[in-house]
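Take a look at this one; I'll ask things after.
Chain nomenclature is as follows: A, B, C and D, assigned in order of appearance, with residue numbering initiated at 1 for each chain independently.
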C-alpha cells in the first residue's frame, strides 16, 4: 500500500503500458531468446528497442538531453521492477548494466569531449561499453588491493594489468578501467578511471568466462582481459587522478539499487509461475499442488518476503533521491544482502514447486537460478555488506561509550 | 525513509516527546516492575498513567469523545512502536490488550447503554476487561468449533462453557464472551458475543494459567474460567445474534496490527541492547564482541529484518486506514507471521550476543524471550496465517484457469 | 569414529587405493571432461574403466558371477563416497544410475534369457540402458497416476505412452518401461515393467531435455520419449504382470542410498575446495579468507552437517543390509531429504567462499550447484518424503490412541 | 541402526529397565517437581535415589570403587539419553552437573586425602558441590582473562574474586574454584584449582541468579558469589599450581558429551509429546493436527535431526573412549553447536504444534524451552566452537600450502 503512495502520476501512467508490453512482447519469448547466441539475437532485440524508443520509454532514468525520460530513482524503481522480470528487459530500455553505470559516470565526471564521443552513442544504443575493475589476483572484498597500473608518460597513459568479470567486454566499443596511477598515495587515492577504446592495441580478451555452464557472448558475457602496454591519450582520464574509488562509489550506489529492483521483477515473475503451476497441476482428481500445505507455505513465505524486499528497496531509492547516496549507505548494504537472499529463496521455492519441470529449461526459472546465484556475490558479497553495515551501526554505540 | 513520508505533523510532534518519556520514566524501571506482582505494581503504573493523561497522550487511537487522541491507525503505529518496547507501555497509554479491543468492539457495536456502563469507565482506565474466546477442548485453528453455549430463556441468556487464555480476567470488571447461540445456523453464524460482568454468579476462575514459568496475576495473567449457568440480561448481547464471528474479525484485525507494532518496539529495544553490549563488552584488550564477524552478522541481519518488518506493518496499517480491514486481510496475515518470526529471531540473537548474561533476568531480554514465543501462536498461528494467505492467492490463479 | 567401526577389512584395503586413483586420475581432469560432449569423451572414460576393471574394482556391489566385487551395501557406501566426488566416478566403476538399478532389477526379477541378453552386456559395460517411468502429464508425487499403456495382443505387448526424464536414453541399448497393463486392477497392481530395446520401431526420442542450461547427450542426458504402438514380445515382461510398483520399490530403495552416498562424496570434495581456498586466498597481507569468522562459520557448519549426513547414510545402509529395505523405509526417507538439503547448503557455501570464482566453471562447484539442485526433487521430493515419514510415525501414535 | 551395533550387553540389559523406571516413576511426576522449591523436593528425590542405588544403577559411569557402575563413556551415553529426558534424571542417578565433573576431577587429580574428604561423600550422594569459574567482569569466550587471585601465604591460599554462574552453590559443601596463582606465567599456566568448603569465612553468596524468570534454589540454582580474603590450607590445591586450564579441559570435555546426551533425551521426550499431540488433537471431525502437512514437516525434520545428532554424539563418545579427549576435540566442538541447535529447534517445533498449550506449564515443553536456551551458550557458545573447529581444520590446509 505504501508503494502506491509514492507512485507519481508519470509512473501511474507508464506502469500499466509497460507491463502490458512486457507481458505481450517480451515474457512469451525471452526464454527462447536466452538460448540464442547474443550476436544472433541482437537484431531482434534492437527491433524491440525501437518500439521502446517510439513509445517514449527509452532510458527511463536518464537525462532527457541524452534522450532519456528523466525519471528520478524512485520513479525508475517501479519501471525497473516491471521490466526486470525478463533477462532482456533492462537491455530493451537501454538501462542495462554495465552501460547505464558508465552513462551515469560520464554524465557526472566526463568532459564535454568524452560525453560527445562516448556518452552520446551509448545513450543512443549505438555502441556498448564495459567496466574493468575486478582482478583475479586480488580478493574483491578489498578493492584497495589492485595490480593494474596506468603510468603517465608524456601525454599518454600506459596501462598494464589483468582484469576479469569485465561484463559485456565482448563487442563493446570502450571500457572504463580502474588502474593505479599513484601507488604511493593513500590507499583510496591510488586509483583512477581511464577510458580505453577496446580496439586499442595491447588490450586483449583472454576469454569469455564460463559462468554456471555458459560462456555467452556479446552483452551476455563476462570477459577475462589483459592490458599489455596499452596506450591512451591522457585526456582519456575520467575525472581527476586519484578519484577512482570516489567515482566507483558513484557508480556502485545506484548500481546496487538497479540490481535490487531487477531482482524484484524476477521474484514477481517466479512467484507468478509458482502460483500458476501450483493452482493448475493436478496431483489427483480435483486436487492440485496448491492444496498441499507445504506448497502453501512456500507461497505464503515468498509473498511476504517479496513484499518486504520491495518496500526496503523503494524506501532506499527514496532516501537516495531525497538525501543522497552517502546518507543511504547503510540502507544500500541492507537491501543488497536482504534482497539477494530473498531472490535466491524465491527462485529455489519456485523450482521446488515445479518439481522435475523446474530444473529443465522449459521454464525460465532454471536460468534465473543459475544466473542469480551471483546476486549474493557481485557488487559486494553478503558477508562484506553485513560486516560493513554492522560496523557502521556499532561505531555509533562505541562513540556513546567514550 | 518511506516511514518518514507517512508521519503526520501530529506524529512528528508527539514521537520525540513520547520517546523521551519512555527512555526516562519507563525503560530504566520496567525490568524491576516485571518482577513485581501486578496488584502491588498497580499504583505505580496508575501514577504514570496520570502523567500520560496529563500530557495529552491518553488512548492514542481512540475517539476523543471518550478521552482518546483520535490518531488514525497509521499514526498510532508510530506511537505504538515507541511505547511497545516496554511490557507496560501500552498499559500506561491505556491502549493495552485486551481492553483496547473491547473498547473498539463496544464503540462499533455497543448500545448507548453498554457504552455508558462498560466503555466509559474502560476508556477512563477505571476498570479492566477481558475477552473469552479460546476453549481448551477445541483447536484454535478452527474457531467455528466451540462448546460454550448461550441459551436464551426469557429475558436472559444462560451461559455454560469452558474457556482459557482469557487474558487479564483476574481483577477485571467484565468479560465479553463468545458463545454459540444457534447451533443449527451456518457455522459462521452460530456464535454471538455477550457481555458478562465478572461478578456474575456461576462465572468462576479455575486458575491463572502458568505460562512459561509464571502464573501472574491481574492484568498480567491468562485465566482458565468456567461459565456454569451464568445468567445475564438479554440486553447484554453485543451486536446481533449470530454476529459473533463477524465482530471477532473486527476485533482481531486491528489487534494483529497492534501486536506487530508492539513487536517492532520490542525488536528495537532488543537491537539497542545487543549493539550496546557488543560495542562495549571487551573480549581482549581493545577488542569488543562487536569486532567479531559472527556478532556483526547477527546485528546486520537483525537491522535489515526489523526495517523490513516495520515497513510491512506500516504499509498494512496504511492500507487498513485507506481501504478497510477486508482489503488488508492478506497483508495482515503476512505481517502476522513475518513479523513474529523476526521478533523471535532478533530476541534470540540479542540473547546470544549477551552470552550468559542474556539468559539471566538482569536484562529484559529473557522476559521477552519467554513472553513472546507466544507471538507465533496467538491470534492465529504462523501455520494458520500461511495457509490462509496462500489459499487466497491461489484462488485468483484457479479462477484464471477456468 | 563410528564409521571406522563398520569398515570391513576389504573396505579398509580398497579405500586408500581407490582414493588415490580418484585423486590422481580423475579429480584433476573431470572438470574438463564435464565440458566435453559425452560421445566424444566416451573413449577416455572407457580407457579408465579398463584400469578400474584391471584393479579388481569393477561393479563394486554386484554379483561376482557378473564380474562384480560382491561388496554389500554398507561396504559399497564407503567406496561410493570415495568415487562420488566426481560426476564420472560411478560411471568409471560401472555402478552408475540408471544402469546399476537396472542390473539390480534384472538380477532379482529377470529370466535367465533376459539376464543373458540384457544383464550380461550391461554388467560388462558393453551397453547402456535406461528406465522410463516419469510422465510429463502426471505429477511425480503420485506414481499411481500413469498414462502409458501396455496392451497384450497375442504374444506381444503394444505400448503407447509419453515419458520424460528418461535418463541416459540417448545411445542406450534398451529401456525398462513402466506401463499400465491392467487399468482395472487395484492402483498399485496396475502397472508392469517391460524391457524395450531402443531400436524397436515406434520408440522415439522427442528430445534430450535441456536441464539447467545443458541438453547433454549419451549417458549425460535426460530424454523425453514417446512409445507409439511399440511392439515387444510378451517375454520381455520383467517379473510378473502387475508387479511394476513392487519392483520399482526394489529399484528405488538402494537407488536413494546410492544417491546419498554419492552426495557425501560431492560434499567432501566441495568442502575440501572451500577450505583450501579459504586457507590460501589472501584478503590482505598475511590474512586469508579463512581468518574471517563468517567464513569460519560456513566451514564449521558444513563439517558438522557432512559428518551427520554421512553417519545417517551409513546407518541406513547398515539397516538395509541387516533387516532389509522395508525395515529401513523411514530411514531412507529421512536421509533422502536430510542429506539432499545438506548437499545443497554445502555447495552454496563453497561457492560463496569462492566469491566470483565460485560461479565460474573454473572450479567444479558451479557444475554441482546446477546439477544437484535436482537432488531435492528426483526419487521423491523433499516434501513427499517428509510427509511419508511423518505419516508413518504418526500411525504408531494413532494406534496407541485407539 | 548403527547405534544398535555399539550397544554392549550391559547396555542392552540396562536400557529397557531404566527406560521403564523413567516412564513409570519419573516422567509422570517431574513437571510437578519442577514447580517445587528444591529444598522441599529434595526428600522425594532422595527416596528415588535410593531406588536407583538399590537397582544397581548408581553413578553409571564412575569407578566401582566409589560405588559407580563403571560404564565407559559410550555405554553411559545410552543411559544418559534414557534418563536425560527429565530435568531430574541425572540427579537421580547421581551423575548430575556440576557434581559428576567434580568427581571426575578429584578422581584424576585429587590426593588420597582430598578423595576421602570430598570425593567419597559426593559419590555417595551425601553432599553436593560446585565449580566456580565464570566471572561477570570477563567474557567467557576468553577463559584466560580472569580476575580471581589465590595468593599463597605460608601454608594457606588467600583467595579474592568474583564469580557467577556457579551452578548449585546454594547448599553445596564445597566449591572448586579457578583462580590465578601466578599472574606472570604464560596465559594458560596462570590459574590453578583450589577446593574451598562453602562454610569458609569470606566466601559469600551475593545472590542466586534469576534465570529466565526463575531464581531457584539448591541444586537448581546458579549463584553469584564473592571470595573475600578466603583462606584455605595450601593442601586444598587440586593438582599442581598452574594446572588449572589443563584440568578444566579434563572437566569440560566429558561435560559437553554429558550435555549432548542429555539433550538427546530431551529431544526424544519433546518429539514424543509432539507426535502424541499431533496424532490426537482434533481440528475437525476425524482430522487431527497430524493430518496437516505443515505439522508433518515439523515432525519429519525433527526425527531426522534427532537421529543425526544422536549418531554424532555417540560417535564422539566412541572416539573419546578409543582415542582420548584430545583426539576428539573437533568432534566435541561439532556436536556442541550442532546438537544444541537441534535441541532448540525441536523444542520450538514441539511447542508450536501444541499451540497455546505449548506455552503453558501444563506440559514440560515450556520449561525445557526456557532452560535449554542456554545450551547454545554454556560450556562454549556456538560461535566459540564454530570458530575453534574451523581454525583447527584450516590449520591443516595452511600447512599444506607452505
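General remarks:
Here is the rule we go by: a residue touches a chain if its C-beta (ideal position, glycine included) is under 8 Å from a C-beta of that chain, and two chains touch if they have at least 3 such contacts.
All figures in this text were calculated on a predicted structure; none of them were measured in a lab.
The chains that touch both chain A and chain D are B, C. Of all chains, the one whose CA centroid is most distant from that of chain A is D.
Remark: chain A and chain C have CA centroids separated by 38 Å (rounded to whole angstrom).
Centre-to-centre, using mean CA coordinates, chain C is 42 Å away from chain D.
In chain A, 292-295, 297, 383, 386-387 are the positions where the chain touches two or more neighbouring chains simultaneously. Of all residues in chain D, those touching chain B in their complex are 35, 134, 136, 139-142, 145, 164-165, 209-214, 281-284, 289, 292, 294-295, 348, 351-352, 355-362, 366-367, 369-370, 373-374, 376-378, 381-383, 386-387. Residues 292-294, 297 of chain D touch chain A in their complex. Partner chain D is touched in their complex by these residues of chain C: 1-3, 5-6, 275-276, 278-280, 288, 290, 293, 295-297, 299-301, 303-305, 307-309, 311-312, 314-316, 318-319, 322-323, 328, 330-331, 333-335, 337-338, 383, 385-387, 389-391, 393-394, 397-398, 400-401.
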